[in-house]
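Encoded as structure tokens, the structure appears first; notes follow it.
Each chain carries a letter (A, B, C, D and E) given by its place in the written order, and its residues are counted from 1.
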């Protein structure tokens, strides 16, 4: 499907240019960083949820695992932050491997079990008994590697990686097979698809993206507590962004994040005192009046969204 | 003869795809009408539209002299139309609760009366009253489906392929059940492919491409050339 | 060993209370296939109701029970018609409900901050007579015993509604097969609206006792409670209100026993327990395996 | 009988669900190019038998040999790749994908280059619906789609579960025609069906099951006269 | 000279920290209104008064959001003065940002010791209020020994603030020769302490110290009150921070004779004050302007304003470095309603210490009164606490 490839290339190019040049006119680098981070997370979540239909309620667990994995590599091994980011991705993949048995569950059971896993991981990391390893509740501090620009470009790279990955999945037979698994796993295996293997691969890819993003986030802010990187809010936001944009597409998560996270920040600055109220209302109204996500607008007009 | 259900110029379909193109249908009171038609002709669509489960694009539906075109499904059911879908039962409820659901809007005394009536009619069900409907065999399930539909003392029972997937023995049983109900004055509209049903019916319609292609009494239909060729010709030729 | 016995009985009280916390969520999920992320926020509203009834009117918080049941049932019906039918017209209502009710929970929390402020509030435990209650040679806070008793009554009432009334039976019918319920002549929306009302009213009922069970209340307490509720109803299995009782008690026991013997891991253990249970029984303790082909 | 070795041999197959013995020691075999009819009252274990052979679950006892090799330990997708496929009694299409994509999944993952999904759809009569989502097909069309998908994997052994239910007489006979033509091309088929007329037109070898056991095995003609078959299955 | 001095800060309008954060912000706002009513703050570098403009965003207790809002304050609003939100968690993300952008962070209540490590050589932070949390329990340990307490149980919620207090208390007690017979952490979200209390009772302690956020303290005190158990001494930290909130939540009966720290406004610095209003004057003005009852957060917010004000009045140049130098220069020399302002080279507060207080009945209700050390004692402690009837 060369068409998908071309549109992915266009999206990648636009994203790249945007995040390279916008800092020159808009200098809240951290907001841009967060925007990229949520986009990457949204794409990562989309790999497992959008393409295979499993909604990981506790997706933030991978993010936290990545943040801590990276931080530990810096603290104990004194590795460069770039290597530490890769370690963070690895840590998340490891957690993902441990959780593979959860795929025996379906629907909401999977979602909640995954949430439970993320919470359990949080309580492990935050437990004072493990202070010598994780610093327990006292949190991580990495002033020695503080480098916002380095982290910014790393996050951009991760975002592009997630984009290319999503584009590849959508345009390949791998993606078709994942869609088949999402619709009906039994029928997929009757089509010769190795359901367990493909699902695990996409699960680990999804974990990898979150882990890389988490490690980079930890590097960027350089001081954080367990609740900073395991806060359920991060996962919930990501899910809301993906659903709003439209699942199973490359563009949906990007646009969904752009609009909702953009609105989030805008409201936070324009009407800080009614922040939560306005944001909550916007979400309620969007669901009631635009229930199938942004991409449904295009699809209704017969436009195929990449 | 009085007409219990009259549908005129029914047009309907799914999200922009029109399936029915102006169907007229009449069910004389107390008669059994069979709806035939090839795969995808729109039989299920028609039945669901009559019940109000699908929006009616245009046309008019009258039941027992009242216009029910705009009525909600539950009101149609309450006014005396029962529907037995392909599933027909609540798998997770036990058999007695299934029957109670069928007579959902009856008064308590009436309900108990109806239930014992059903147990009388279907002694098999009385024996299984504590079992979950989901654990019944296909035939027992259909039997329960019919009993459940009859609970509300309907004047018209609409069924979608009651015999599909049933072993021959059960098909015969279902037909027996319907005969009993019919004998008590119940009108029937049944979408079916099984020839046995046409033989039991009073009247038949043939739906093709969302339009009525032929209609007539069962015997007329069986001898009609079009229908013979299209629906029975092969059977007759190959009959060994 | 008395610590053990203490923990077991405490777990039972606590668990019964948590069963009440979760049961409404399960009812709503079972009937409407809606993930009500605002569940904990309704509980929070119920808690503030009791708080003001006690502090402004000076009444015993038990008076909140009849008042709130009426108020929240009354609130549930219009809210249902406002949100749910629209939601169900969409492509994937179950998942969309996730966002919708997330938004709703934000709105409720924000309004609660405006209305109640964000100070922590509570009701002194002494309102229930103060003196701790002796049971089986152990001493328990009277508020726990009262909360557990009310929870038990609430759950029994919900059980009676579901299994011994006509509307309750219709509710279960909708839970098992919505499409079949429609063709059976059930007014699906009316029955669902009532179930929705009962769902949030039971949350509010649980909220009345939350000042005693959680120590203090505040507008942001909702999300954590929602998460706990989900854990409980999943342990027992979704769409099965009786399973929630089992889930609640297991949760309570796990928490109390861990607090007694491995304190620092206490909040983690219920989550691990959940995962273990699901790995053995993928659809919860009382779940039925569904046939795949 | 076919002179070749059987493509499928089933021996003493057992499967229970809780206390229920859905299969209680069923045995039979099929040769390439041969059609075996499988009938029996509702709940007698026909679908369970197909599930066992196609690998939906592991059996609790007995052996399934395909081309002489035991396969009961293989996961379903491996059996598909070896050439076993089936249709579902209750159709299970990929609802959100188009009809064409439904077949494409099977074609890309097993069929290889020489399978053209469009040709298969044309052959089966779904070509006009190719770009519609499978969700918008009615249940009998979805069943046909299931057959198309199975065919796209080039099966050498095809298990057909009640494909005739809901077809009218004309459609039934063309379906019988179709199944016979597959057999003529060397495919082995197990055809589960209630409609004796239909079975009669595809095969004369019949297995009748009851309560997880073989009730009858032999010529179809004899089955219709067998008192046990009449009692349990055909009805008086 | 700039036409206004832009002061940027964050507050948590909702979420875990909103209770204290909004109070703290109100205190700061009150300060800003006060100086603006007089025509602004005096800025030495320009030799005149300049009005202040407070730019504040709502971070909803979310660190992620807080980080980007701090960044916005620095890079887009280009504030001259940066003031952190309440508490260590929400302060933490501001520290590297402030340092990177070389802007001095006025830390109001972020008392984690890790913010002020000499090794980090960070000069861009000043803790205006309390000492770092690990300093707090030292007086308490001494007090316990003075009472002759040998067996102490320590329970703490697993967060930085509580954990560092618990650890300090433990190590100080050990140094002083006491036995820590129970030392356990519970997760932050713990809301039920009944079974834990029974376990503590098994250890037969003479004193029990519980460290946690106020929700932990409230649940702990409530459960203790209804447990039927008895410990001669009970210590919790939060009445020191928001006495009225805790009292309202727990009820008078459960608060009586409980020990806590004492900090302003519960200690009233009036005579000593050299800069700004006395506490009494502040309280009168604040409540008159429509503010709620004051607590430590309110005072901390207001006090930060005073320190900012003084820094601007003393800094020779209108730069961050110059402000920091000025602060070093007046450190240890000024006394506000919050006590002696004295910071070390890393910016940590060392001027104040926290006396131990006890909640004692007075004719008008309950009062948390300083009881130790002797020089600041305002009342005589009651030990062991009387058994409940």
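What we mean here is this: contacts are C-beta pairs under 8 Å (C-beta built on N, C-alpha and C of every residue); 3 or more make two chains touch, one makes a residue touch a chain.
On a predicted model such as this, the values are computed, not experimentally measured, just so you know.
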{"item": "Touching subunit B and also subunit E, the following chains", "value": "C"}
{"item": "Relative to subunit A, chain with the most remote C-alpha centre", "value": "B"}
{"item": "Subunit D and subunit E, separation of their C-alpha mean positions in angstrom", "value": "75"}
{"item": "Gap in Å, rounded to a whole number, between the CA centres of subunit C and subunit B", "value": "42"}
{"item": "Mean-CA-position distance for subunit E and subunit C (Å)", "value": "36"}
{"item": "Euclidean distance of C-alpha centroids - subunit B vs subunit D, Å", "value": "30"}
{"item": "Set of subunit D residues in contact with two or more other chains", "value": "56, 88-89, 92"}
{"item": "Per-residue overlap in subunit C, given as positions that touch at least 2 other chains", "value": "109-110, 113, 264, 267-268, 292-293"}
{"item": "Of subunit A, residues touching subunit E in the complex", "value": "26-31, 33-34, 123, 126-129, 136-139, 141, 143, 146, 148, 217, 221-225, 227-228, 231, 233-234, 265, 268-269, 272-273, 275-276"}
{"item": "Complex contacts: residues of subunit C adjacent to subunit E", "value": "3, 6-7, 10, 14, 109-110, 113, 118-126, 130, 132, 139-144, 212-216, 218-220, 224, 255-256, 259-260, 263-264, 266-268"}
{"item": "Subunit E to subunit C touching residues, read off their complex", "value": "13-16, 18-19, 22, 61, 158, 184-187, 189-192, 194-196, 198-199, 202, 214-216, 218-220, 222-223, 225-229, 242, 245-246, 248-254"}
{"item": "Complex interface listing, subunit C residues touching subunit A", "value": "29, 35, 83, 86-87, 89-91, 94-96, 98-100, 102-111, 113-114, 223, 227, 230-231, 234, 238, 264-265, 267-268, 271-272, 274-275, 278-279, 282-284, 292-293"}
{"item": "Subunit B partner contacts - residues on subunit C that touch it in the complex", "value": "166, 169-170, 172-173, 175-177, 179-188, 288"}
